[in-house]
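Both of the next two complexes hold chain A, though its partner changes from chain B to chain C.
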Partner chain A sequence: MRRRNGNRRTELVLLAAVCAAVLAVAYGLGIFLPAEALEGNFLQAGQPPSLEHFFGTDSLGRDLFWRTLKGLSVSMAVGIAASLVSAGVAVLAGLAAASGSKIADAAVGWLTDLVMSVPHTVLVLLISFALGRGLLGLLAGIAATHWCSLARLVRGEVLKLRACHYVALSRRLGKSGGWILIHHLLPHLLPQLLVGMVLTFPHAILHEASISFLGYGLPPEQPAIGIILSESLRYLSAGMWWPALLPGAALVLLVLLADKLGSCLERLLDPASAQE
Partner chain B sequence: MKGTVGRLARIVAAYSIKMVLLLLAVSAVAFVLVTASPVDPVQQYVLHMGTAVSSEQREEIEDYWGVDEPPAERYLHWLSRVLHGDLGESSLYRRPVADIIGERFLNSLALMAAAWTLSSLLGFGLGCLMGRYRGRWPDRLLKSLCYILSSVPAFWLGLVLLLVFSVWLGWFPIGFSSPIGALRGEVTLGQRLYHLALPALTLSALSFSNIALHTRQKLIEVLESDYVLFARARGEGEWAILRRHGLRGVLFPALSLAFASFSELFGGSVLAETVFSYPGLGSAVAEAGLGGDVPLLLGITLFSALFVCVGNLIANLLYGVVDPKIREVQE
Partner chain C sequence: MALEARNVFFRYGKRGPWVLEHVSLSVERGERLAILAPSGYGKTTLALLLAGYRQPDRGQILLEGKPLPKKGFCPVQLIWQHPEEAVNPRWRMGKVLEESGKPDGKLLQALGIEPAWLERFPRELSGGELQRFCVARALGSGADYLICDEISTMLDGITQAQIWKVVLEEVSQRGMGMIAVTHNRHLAGRIADRILDMERDPESHGRT
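Up next is the complex of A and B:
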């Protein structure tokens, strides 16, 4: 066995903090990037990676490292917004389903089935098409497809809690539904919801990149990962490997970090594994 | 045996009613979304045809979309045409949408079937391996691999495979479903498979980790059970236990999971087909949306929903046949 300094809980907290810090730094760098860093210089078009340009330059001479960073921050913003919206929808849907009304429960269940019966990518394309592509369509599409699993989670959790003795007792003592919601249900739901939201985030980012790659979503002059990769496809047969390989790898790294952060939080907040 | 058939018939009947209702709802939602979009199907059609549109053609297309009718009637009008098999005419390809879907679905079916078989076999095999060696290095190595693969976007994996195997090594073609310039009748099966290999690999990487992790979990549950402990005490070897007790408990859950993943399969095929310019339904739906081809977009959306529902039906049936708990509940 490996010797450990500190217990597992401290390790998890540190790991989560490191993941969060790296994500925050990447986001901050992308947001506060000066506009000059993104401008093209035709004299330096199509250069392979070097110390001056970490990821090389694209066919218009734009530095791919900064472009990737900017794209990642755009993706993260879309991901955060989409996971917030879908968490909100999920809470409403989950609470409605678990409110005790049979009709509401059936309606939400049916709506979930409806969303699940069309492949997500196709549904996002359709929604984006309806809203005339662009950022709004992208956000709406991703939010509309990501609430289902979280809503199921919330519903299951509320149903479980409502069956608990202390909740039943509280009701017998004459507490109102709202009081029970705030004092008994929410303290249990919030950590779960937070974890669910953080775990939705990487999915949302992946979807954003895929949809932009297909040419929906952000306009082509915007530095987004999907757009950089779809441009790289054109120069692939000419042997330009760096625009395809490196930005994509950065995206994968980002998704892995976000995923790690989510699973750390889950293990910290879930009472079943928090004391391990 | 007779009871089984009756039960399966009941599952099919119950699910079919649900499926028809869901498909109707999908058609309504899709129609509303398309109507809400700034793209006008009649305008698009005229635009793509250039000046060659006669006034009769225009009237016909306006009649198809029910231009002057109120929204609800427009939808019903369109729905009745669809139910009669008239999916409209694609403005990008200038052919009936039903023909395009039929032709491209065969291409997509080949791709998805190859990817599905590969990912099911690979997922199940690796899952069993991980469960067998739980906690040891093969398990940990494969588990990390599965987690990483589930964070990799399908289109980027496709790009990397394309780069490595087509551009650098030159083993595989850059794209399409047959050699460029070859006539349709002359393409051999070998050539088709050769063009199918990389897209199918990309698509299967998307879903096999899910199946593998699920199989691993199930197998570990089985191996920790009392009857396996008893088998071990009786002196059965590790592989014999896996063959006699493990596989039975794990095979059908994995199979129904594989059928239930038709939605991701179709979604992934949109990306994989776009990367490899493979002429299937997935690349057609992406093109249809970009080119404002409303009837094609609607047609493929409906078709994809049907595809997913059929997958779910098979998954439900498998559960009904295999899982004794569900069997009892339904009887």
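Up next is the complex of A and C:
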């Protein structure tokens, strides 16, 4: 039984590493892709998947595999930015709760409720539109809407920890507020924050794709999953299934990988399963 | 030179019923007092006040004639009733002990704490094992007064006896003052020089 548990932990570490590695490779390939790979060639327009073009080509003769990779890396950049911003805001909200100031805490709680009460998609659309669309508008829109649940989590966690007996006891043993923050609070908060960040990532990517799909996000010349999918709809009735299916599947795979990475980290960092 | 409660009043919130009224007591260093009362008499609340976790609404808690320090090390240390809530679940037990200073090997041995346990997480130990750590932590802090809030209530007889033996030995050796809060009259008779019965002694308690 003991050995089986030891293996499970190793398995989890390996799984998390593989997920992270695949994500990193996909991102790297997309970033360092030479511009020629994305150029169209009308002689090869509308080809189904083959060894030469894994995902086939679109109606302009552009290789869909490379286009998808490029699109995924753009999506990942948006996802990473949104995760970082939401983590930053969540920490601020947590600190507001930890400071003991009722006004600061109430203000953060009110703002969180306000943002959460508006459907994400509508809010992202409005912000992105107001900032002139494009990558910047989309980034700002998604970053501004995805911090709420993580902020709530961190705030709740800080409030719970502040009331813990062992924190009160630490204070009575003469430990300073900073010492308690570093030794008692952060070891609880960091894993939550990390897991929350990784789990925000797929959420943000899906929003990026759906807003681009609706035509309010990235410009049409930009290779992005949402753009590829919305273009593909026009050719679906002509029997071109690959521009919709394969990039869509790649997006789903990316989201699943990030989600798996998040849940692996969660299990590894939680003391209830840390020693298994 | 004592730990004193002078005419202490306390209630939770601003409008709640009084939990403690007219409570006065005093314990010298080297003296062992047992506070005896059934459930709901504010025993734990009194322990929290005496150790400085909460402030009385009226009256004073005085240590050597002065109020308890609000910041920094408090020479009155409380051992909680539920050890699993008094240790950080993310710390290994070694770190839990070190929070109050370098652990004393002899004391750990006397308490029956095995060296291998220092590497464990709290959830991997039983309540009795955890309570030994909490006792070691409180004794290791160098406190002058020890407040024991029902520290052995949930333990079996043998563990109770073992823990109390060590606590009493250390307390008398170091000349510490001790207040044990309990609802067990027999235990109170065994461990204390003096018993304060909150139920029978209405002078010390408003609710009769």
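We take it that the second predicted complex is superposed on the first by the 253 of 276 C-alpha atoms of A that agree within 3 Å, B and C clash if a C-alpha of one lies under 4 Å from a C-alpha of the other, contacts with A are read in each partner's own complex, and residues count from 1 in each chain.
The rule is simple: a residue touches a chain if its C-beta (ideal position, glycine included) is under 8 Å from a C-beta of that chain, and two chains touch if they have at least 3 such contacts.
Because the structure is predicted, anything quoted here is derived from the model rather than measured.
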{"item": "Chain B versus chain C, judged by how many residues of chain A each one touches", "value": "B"}
{"item": "Which superposed partner A:F213 touches (first chain B, second chain C, both, neither)", "value": "first"}
{"item": "First, second, both or neither for A:H120, with chain B first and chain C second", "value": "first"}
{"item": "First, second, both or neither for A:A106, with chain B first and chain C second", "value": "neither"}
{"item": "Touching partner for A:A21 - first (chain B), second (chain C), both, neither", "value": "neither"}
{"item": "First, second, both or neither for A:I182, with chain B first and chain C second", "value": "neither"}
{"item": "Which superposed partner A:C164 touches (first chain B, second chain C, both, neither)", "value": "second"}
{"item": "Contacts of A:A244 with chain B and chain C, given as first, second, both or neither", "value": "first"}
{"item": "Partner chain(s) touched by A:L136 [first = chain B, second = chain C, both, neither]", "value": "neither"}
{"item": "Which of chain B and chain C A:I31 touches, first, second, both or neither", "value": "neither"}
{"item": "Set of chain A residues, in rising order, touched by both chain B and chain C", "value": "none"}
{"item": "Sites on chain C touched by chain A in the complex", "value": "51-53, 72-74, 77-78, 80, 82, 85-91, 99-100, 121, 123-124, 141"}
{"item": "Touching residues on chain A, where the partner in the complex is chain C", "value": "164-166, 168-170, 172-175, 184, 187-188, 271-272, 274-275"}
{"item": "Residues of chain B touching chain A in the complex", "value": "18, 22-23, 25-26, 29-30, 33-34, 36-39, 147-148, 151-156, 159-160, 162-163, 166-168, 174, 263-264, 266-268, 270-271, 274-275, 285-286, 289-290, 297, 300-301, 304-305, 308-309, 312"}
{"item": "Residues of chain A that touch chain B when the two form their complex", "value": "113-114, 116-122, 125-132, 202, 206, 209-210, 213-216, 229, 232-233, 236-237, 239, 241, 244-245, 248, 251-252, 255-256, 259"}
